[in-house]
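Naming follows writing order (A, B, C and D), and every chain is counted from residue 1.
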């Protein structure tokens, strides 16, 4: 992110998650209800555990917005962790509060525990879990909601859908699939698709590898915890040149297409078709039926620590992906059209 | 790329391709024969057309290396375009040479032509084709070869393989698949896998979304022209938590695994297992049997311009992906271990 | 800042200032009392007005630190604005609170008002003042205090001093100079010097223009509101080669110098001598005796709006500069030595 | 540099200097004669030695420009080192050419030799000298010339002047001052000022420390080899608030000023006045009358190695500074106005 810059912070059971966004134009209307509704969407979906019910996230804005509009200065978003009170001592900043309550040392396979504890020289794996947890995606969705408010000003809108859960490819089957897995104490992943409509032609570029919008989208989606596959448009396996590429037609002097296998990206640029980005999420690695693992202290084999109880979080993941795609698009829009105020941006955009 | 910084330049039929790499430690041995052998690997594979035979790329180094070792200063790599002589006038820098020889105006579907000409306000689509061509990946492979020389000093080695071409999933079938397509005037894509061995634990991070090595790898591979899918490890579709995650075992006090579905990445970090990144390349969009399209000037429907004659370039694509993964790893190594000379880097690495 | 990344946020009369620092190694002890003492230093010095007494800044840490040590995850610093209660309505985020109470439209010369209101398309100049105010340097000092804690682990320590106020070059005269100006309703600037000791040789580089530590230091100090001059070492005007350059001597096989006109920087790198960076601050532009200006709405000539009452803030400025130099040094240390934990950093540093 | 990205490369006696510029809009006319005339300006001025006469630099463009206009793809600039033939063996890339001809081991005070050899683990100080030499500024001036061509399209023009050499503050005295020093075998530095006219209001920003144009300018100028002081506008020492700040007047509804002590920058932004940036260059550290120093190998005291023979290079330095200010302005223009083609940029700029 070059113009739509931001940093996020916050542990899973810390006081709050925080994000600072730097680079927004002034004059952008910030609809807090919309941000909260996006936070709420992240908490939906079959297969979520008990914690989601506690959370009911809402955002507080502590800088960069006055009387409902951005000032051009950095915007701070704060999302409280609602169960912080019961974790206050365990997650305390103060050295004197040190405790090994809730410490653990059994590496959870599929998580950051092992590599994270080696990297950051930690023995209490909670010091890894707290930031590597997917909890941090809540404030990422809030950042994405702000990006979506920017895009909305230009008529650009996004959505996302779950297209597969476990072996179920039809939405009517999703609930059953989840319940079967819950019964087994197992977990499932799945596939989702993010779509943005009404994009201008020419976001991204072919002139240098790191300016391709396809690569930026792939980074944004692949770095979501648990995503292992990213696709743009239709997976080309099984196609030939003659039936994969989207032929070009003219209608009233305008370019049209009858297909969109490219997913709206040719040559690393948006081509005016719908942008279509898919991802595959792996099954949640924390299961009631625990995996074999090793204890960090004793180096003896044991079973994995169990903390969360979601069976499936593909829907949440799709909302996070939709938010992250919005980051990329907002950044590309700001790079291409410039503009320090929303009025100037719109003028350049509509030029 | 934050420490292993570079820019590449060059048109497909211009004088040369150039790259400048900034951020290498001093004292690194630069084996030009190795770089040339990597360039040669990019030119191999079933399905390539005539141009590959002309090219036989070699690199010249014009800065940053003295007596076979890096100085710590920026390294310039130059790869000549061997057919430049016949294109000299057509690709001239001089305003007085202006000509519409080799100009074209029919958008090629699947290429950058349409979006690129809108973005850069071009009517001669050659002004888009020349940089959007995959030709630029030659110097990218040279940059990757330098990155691989750095990795080799630390015992890290990479390789790549084509795992599917069109509908053929077995190497013995690849040649036939290509010849069938050549016969039809059609093209095919395929799938490849890149593997790096002997990586340290903890490259990348979970602490901030843009520090995950999975996202960086996905950007590097997805932004290769024609790649539409990136996977890290095993595609989780069809798996459950209980059979996807790589259980952890202890052997002589060391962590071991029996599976590697994670592809060597957990929590956005390398976990000491082999790094496994796959990609799917779409069929080459330029075919003897042309696609329907539109003429940029007349806006009338017509057939696509035909310039290259490859039927399949998946093997070249896998070599480019292998090079790009080396970029990411070199950058992560330099970020994690620091070091201004190769001696200092190795000391920190082995600490 | 490439490894020691951070963003700051917050308006002068908003709820709070916030900073997120990303890139700290784990295991670094965070002494909150030290951060608060740095915040307090910023509020000292002759010539400050009433607001300083209200403020008495303290920091709260809401992420990235547990039991007194960094986790490796982003650290959030929050500094409350103590007079927020009386400004709550005026600085409200909510659209329904809109008011023109405390709005103003007379450009203050020497401030961001004119250019800022053009850039961000604002008519109420408070929307510019609130972020362009020097208030934001409070949280910058907190970020610098964290950087100083990192440097302290490596034995590196910084300090700063005011060397001139107005026409007074001797500390004994500073108070008088300020009182004379206060009596006139005028303001004065001055000069300060920042010194860091015990730096390693070779921070920064000559290999590329943007890696010179001199340039990075100059950016960090010149972008402090009101600084107009930056010097590294001794101003060379009036010197000749023969008496400016610091000759090199050997003592017990170690390099020594008898002078330090270079201010510890040769070839864009630290050379092992004390780092010496000076800056000149202009007089505060808000004066009781107002400057002539223009009203943004009427375009008629008038007198400048008066909000603050400091006569001189050079001492605060020197503390901010000292903090910013710490940012640069922390970043350079992390780039050169790598290390994900403080233990790994120290091992590489002492290697 | 975020949008006007570039890397430069090349040793002082290597084959050539190279730069790649990425991020230029398409359609920009590249006047090679203009670039060459800027290169020639860098070689002028009293006090230069013999090498300047050999060099007579010219640029070759090997990518990114066709028929006199940019394509939007990266532009490669190559400036040959005209005396390379006699250095070919000494600066060879090939390991088999290794020689200690022209090697040296006496640290030159005021140069990168000592810190550079420690940092990059070099014993032959030529391995430091070759890149730390001011020779690299030739291609930096070429990059600046391209930036100036972009600025020229928007009506923005820059110039620079030497305002002091040694103790001489009047141009009529400069030649004498230099000759006196030449006679003594000594060197002198001096002061220069760079001015750009016709800038838009609002380049840079106050919203985050690293967006201030003052800081960016200071980095660009301070990182020029030998520059030790940077000033924006008038040095405020000796001024009071009442006589330093530039009062604002209205004339026919337009903002005017009668003074420009701010040097065109308020609140980290251009304010529509002329941009005025000064720098002070130290005396060249290589003198016929050598400085005392130490031999890197023996650690014994000796006298400094002498390679170049300039007495004064302030005029060259001013041209380099003028070029570097153009980099910053071009980057800021592209960030603020966006635009992928020069036509789109101009439309947004004039909006």
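Here, a residue touches a chain if its C-beta (ideal position, glycine included) is under 8 Å from a C-beta of that chain, and two chains touch if they have at least 3 such contacts.
It should be emphasised that the depicted structure is a prediction, and the values quoted were computed from it without experimental measurement.
**Q** Farthest from chain B by Cα centre, which chain is it? Let me know.
**A** C
**Q** Any chance you could check whether B-D or B-C wins on number of contacting C-beta pairs?
**A** Between B-C and B-D, contacts are more numerous in B-D.
**Q** Which whole number of Å gives the spacing of the CA centres of chain A and chain B?
**A** 26
**Q** Using the average of all C-alpha atoms in each chain as its centre, how far is it in Å between chain B and chain C?
**A** About 43 Å separates the centre of chain B from that of chain C.
**Q** Any idea how many Å lie between the Cα centroids of chain B and chain D?
**A** A distance of 35 Å separates the two centres.
**Q** Quick one: which residues in chain B touch 2 or more of the other chains?
**A** Where chain B meets two or more other chains at a single residue, that happens at 7-8, 22, 72-74, 119, 131, 202, 205, 207-208, 340, 344.
**Q** For a test of understanding, state which residues of chain D touch chain A in their complex under the given definition.
**A** 2-3, 22, 72-74, 202, 205, 207-208, 334-340, 344, 347-348, 351
**Q** Can you tell me which positions in chain A touch chain C when the two form their complex?
**A** It comes out as residues 5-11, 14-20, 22, 25-27, 29-30, 32, 61-69, 71-76, 91-99, 119-122, 127, 130-131, 340-341, 343-344.
**Q** Which residues of chain B touch chain A once you look at their complex with the stated criterion?
**A** So the residues of chain B in touch with chain A come to 1, 7-8, 107, 109-116, 118-119, 128, 131-132, 140, 164, 166-167, 181, 184, 186-191, 201-202, 205-210, 212, 214-225, 227-242, 244-250, 253, 255, 262-263, 266-272, 280-285, 287, 289, 291-294, 299-301, 324.
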